[in-house]
Structures are given as structure tokens and as C-alpha cells.
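In the two complexes that follow, chain A is the common piece, with chain B as its partner first and chain C second.
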Partner chain A sequence: MRFSVAAEWVELPLKQFVDEARVQLAVLLYPSGQVLGQFGFGRSVDVMTACALSAAITASSAELGRMVDGTPFTDLHYAGRDKQLFLGQVPIADGALVFLTVFDDESSLGLVQLFFREFCAVTASVVPSSNAETPALSDDFERELNHNLAVLFGRQ
Partner chain B sequence: MSLVNYATREITCKIVYYGPGRSGKTTNLHYIYSQVPSNRKGQMVSLATQTDRTLFFDFLPIDLGVISGFSTRFQLYTVPGQVYYQTTRKLVLHGADGVVFVADSQARQLDENMESLQDLHANLADHGVDARRLPFVMQYNKQDLPADLILGVPELEEQLNFRGVPSFAADALHGRGVFESLRALSEQVLRKLSNPGGGQR
Partner chain C sequence: MTSPFATLLFTLVRHRGVKGCMVVDERDGVIVDANLQLGVDGAAMAALAASVYRKARRAATAAGFGEIAFFELDAEHGRVCAAGRGGLVVVLVAENRVNLGLVRVEMLRALEAFA
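Then we have the complex of A and B:
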């Protein structure tokens, strides 16, 4: 099990949450489904799938909440036989992030909710207001891209 | 938006296959899934109806390997094409780094193609995205059908490709044009990362 983060500022709140709430999986993502940081997943492609589904559940449950209750549902809890899932929104200055965590009987919903509130507070205090970094690949990336795609599609 | 982690040198991009119902968006993903080795892809997730029509989206994560020193991953999504899934399409489009528009080449589907293209532009505008700056390719699918049923590429270009974006004739069921569409869009998406202010090439 390991942590991986796509943005440095995610590391502190995520580690704190995982240590204190004793969860098995945790992932913070943008509402568009892009991962910001995770704990517990083995493969990056599995993280991406969890993020895509979490973003979809968040978006659709929010719409359902608006429809039946006039306001979006923001947090969801599902109790399975061995594992439980908690999906919540983390308010930040310019919107909200999505947080998914999975836990078993080493933890509890109360514990998760308690430390999730702390996680929200810490995250809101460290999240940068905008992504100021300017990504830059080298200009000759096409050769590697074409090569990698050809390998991927078995054309080489 | 693309996520770039300079510390771990990773890039993650979101690509959306858009187009009218039954144009072949899911077929594109199925073909890609069938071609990519299992250690470079995740499970293909299809949130579909019992008759296999896309209900929310299809999703396929793939690992492109190292490009310019960055581990590069693409998240491929489709949207449901039917008109009444407008809200879902808008949600899936959120944060897209690039769009492959999968048009149905059948002559009788021309209006649906145009309607879907307008719907795409409206949804991008709602997300505050300037469609002219979004990496975009056009794919004319089902070009394998009998000639009397379909429109030729020149006519489809005239009717749909008013922006003059890269376009590809395709038969997604057998893979023709699928790789080329993905490669052209990947190039545009990564070009934007190499030259953020330079716009589309």
C-alpha cells in the first residue's frame, strides 16, 4: 500500500486522514474525475477507474438531490458486507473536490466522518487558489508519442 | 484539464468521444481495449442499459508510457448519444482535454450529427471552454457501409467540419481510423502542454 499524489499539497491532509481514520483506500479528485492523490490502490489504471466512477456518482447523486430535495446530495455512505464506502465533497474556495474512502471494521462511519471534517478543513487551508504551474513537454514529443502508440496498438 | 505532476513526472489527460447515438463511440473504445495489452490498460467500464446502449458513460484508462520524461496516461470516456441524456453529456464533458467527434456517415443521420455537434458546442460554452482552442478531431465512422447509404468524406467535411480540424474516415468495428483519430488527438492535447499559449496546430 502506498500514497501517490498528483499535487504536493494533497499529501499532508491525505496522510493525516488515512492514519487517523484507519481506512483501506482513499482518493481525492477533481469533479471531472482527475485524481489529485490516493492511498491504497496498486495500479494507476484502477485509480483512474475509481475516480471516473466517483465523479459520476457525485454528479448524478447531486442531480438526483436537486430533483427530489431541491438541493444536491453531497455525501454518500454505503455499507457492504465487509467493506463500507464513503463519498463526500470537500469544499474549497472555487468549488468542491470529491473524496472517496473505503474502510472495513478497523474503522467506522463515525470515525471516518469525524476525520473527514478535519480533512476538509486542512485541505481548504492548503489548496492553491489556481493551478499556476505551466506544463511544458519538449517540442519533439511526437516521435515518442507515435512510437508508444504504435507499440500499444501492436503496430511495431 | 490535464494534470501534470512535476515531482513524479506524470501526466493524466481526459479524452471524450462525443457524437450522436449509435455513431460508434463505444465501438471505438472496444477496439482500443482489444488492442492494448492488459498491463497497459484498466478495466473498461460501461454504464449501459440492458440493451447495451450507453447510459452514463464508457470509460477506459490507458497507459501511454513515457513521453518527454513524463509517464503519460489517458482517460478515455464516451458520452451517451441519445438526445435526452443532455445533462449526462455535459457532466462527462467537464474537464475534457480533447474531443473526438464520432459522426455517423449514413446520409439519414446527417441531421443527428449536426444536432450533436451543436449540442457539443453549447455544452463547452456552458463549461466556459472556447471550442476553438480545444483539441478536436472529427471521425467519419461507418465508411464501410454501402456507398448508396453513406455520405462521402468530402460531403461530410463540408457539412460538419467547418473548423477544418483533422478528420479521419473510419470503420470502428474493424479498427480503421480508430488509431489514427486517437493519435491525432493525443498529439494536439500534448502539443497544448508543450506550448500552452500556442493554441491548436
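Then we have the complex of A and C:
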């Protein structure tokens, strides 16, 4: 298994999603870019890059949505030649987490969207209430960022 | 605006026992057009049926049987039928009492519109 989680409650919904949607990569993160759990990545630098880009895309598309449509854009899908990308927001008690997944022809957008809905429901039911109070960028953000990456790749 | 599949879907859903019918993109598993009764989760049905159809088609090809024309899933309380061509799949959800032979002919005839 290529799973690793920085918070225990992430494991159940993430494993369920990966098992059912048959995706190649999946990562759950805070909107700030701090990783909570991942599947499929081999190197911490790749997780860090994926998280940073996902957080940036989410922030940019939300702002773009506000400009052109009055409300933030939420989910994003990009279909490449061989691989596809889905970036969604996972609502929790007081805010949202960001979820990135990459899949190929073994899965489909419909399956990813279907199991993403279930992922959101399971995550909302297991996420600790204190989690929502985590600030987007705390004073020790960089240390926390590195801590989570270290936990994921067994360097703790 | 009416989609090019509206007539096709209407022809299929008017049969007794049919709970809904959809035209689904085979690769993405998303609905192109649908005519569904209340209570049928179209998005879930489209995603799962397209996935099964795609895998059945690959299995038939791997076995050297050529293209799959039609498949049917029998469950305790109903049936799911699918037939595809040109990247589109017609998915039909029905009760057990549906006249399967008639529906099958209609679905295969409908595929001609996808050519």
C-alpha cells in the first residue's frame, strides 16, 4: 500500500475512496497547502509540490469564480490525453479541505465524482471538530508543513 | 432546447416497467442526456453502468469476441441494460416486469443514431 497519513482520521475515507474509485494519486490537504494524507506519491517533494499547486489553484479559481460568477468556483476537472485530474473541496464543520486526485482509464470522471461525494460525507463524519479551528496559516506553519511531510514519509 | 437524444429516450422510457434511460459518455461516465423517474440516482447509475460496460467491452475484445453489443444485469428487484457505440452508451434502468426483448430491440435500433 502506498498510503500515508499525517492525521489518523484521514485513513478511512482516503482508503475507501482509492479502493473504490481506482485512482492513481490522491492527496488531502488544508487550503494552506499543509498535507493531511496521501496515496500514490513516492517522494515528499512531489507531495509538497502537489499540495502547493493544489492550494494555489483552489485559491485562484475561487477568486476567479467570485469575479466572473459572484461565487467561488469549487471543483475542477482537467482531462489530459492519458491522465485526468480532479480537484475538489471537502466541506467540514467550519470551512473546507482540498482534495486532489489523478486517474487514468481504469477510472472515470463519473466514478471519481460519485466516490468523491461519499468521501466528503465520510470525512465530514470523522473529522475532529477542533480541526476546523486550525488557522489557514498559523505562526509555526512552516514547521507544521515539514512535520506532516516527515510523518508521511517516515522521517519522524 | 431539446437534445438530439430526447426522442430516443422518450421511445425507451414509455415502455412499461422502465424507470429511466440515459445516454452516457463511455469514457467519462457522465450523463449526456437522461429521462429518469424520481428516485433514480442518475449520476451514480451513469458512472457505474459506463464503467461496467467499458470493462465488459474490454473483456470481450480480450477474449477475441469483438465488440460488445448489449449487456444486461439482473438483480433481485430490477434490471440494468446497456448498449453502446461510438463512445456513447444507452443505459436503461427497469423493473423486472419490463419486456426485455422489446427494449433490447429498441436499444439496438437506437444505436444506429450514434453512428
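Note that the second predicted complex is superposed on the first by the 129 of 156 C-alpha atoms of A that agree within 3 Å, B and C clash if a C-alpha of one lies under 4 Å from a C-alpha of the other, contacts with A are read in each partner's own complex, and residues count from 1 in each chain.
Throughout what follows, contacts are C-beta pairs under 8 Å (C-beta built on N, C-alpha and C of every residue); 3 or more make two chains touch, one makes a residue touch a chain.
In this text the structure is predicted, and so the values were computed from the model without any measurement.
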Could you let me know whether more residues of chain A are touched by chain B or by chain C? B
Is A:R81 contacted by the first partner chain B, the second partner chain C, both or neither? neither
Is A:V151 in contact with chain B, with chain C, with both, or with neither (first, second, both, neither)? first
With the two structures laid over each other on chain A, which partner does A:D105 touch: chain B (first), chain C (second), both, or neither? second
Could you say whether A:L114 touches chain B, chain C, both of them, or neither, answering first, second, both or neither? second
Once the shared chain is lined up, is A:R2 touching chain B (first), chain C (second), both, or neither of them? neither
Give every residue of chain A touching chain C within the complex, in rising order. 79, 105, 107-111, 113-114
Using the touch definition up top, name the residues of chain A that touch chain B in the complex. 4-8, 30-36, 43-46, 48-49, 52-53, 56, 59-60, 63, 131, 133-142, 144-146, 148-149, 151-155
Touching residues on chain B, where the partner in the complex is chain A: 1-8, 10-12, 14, 35-37, 40-43, 45, 47, 56-57, 59, 61-70, 72-73, 75, 77, 87-88, 91-92, 94-96, 179, 182-183, 186-187, 190, 193-196
Residue positions on chain C within touch of chain A in the complex are 24-25, 27-30, 43-44, 46-48, 50-51, 54
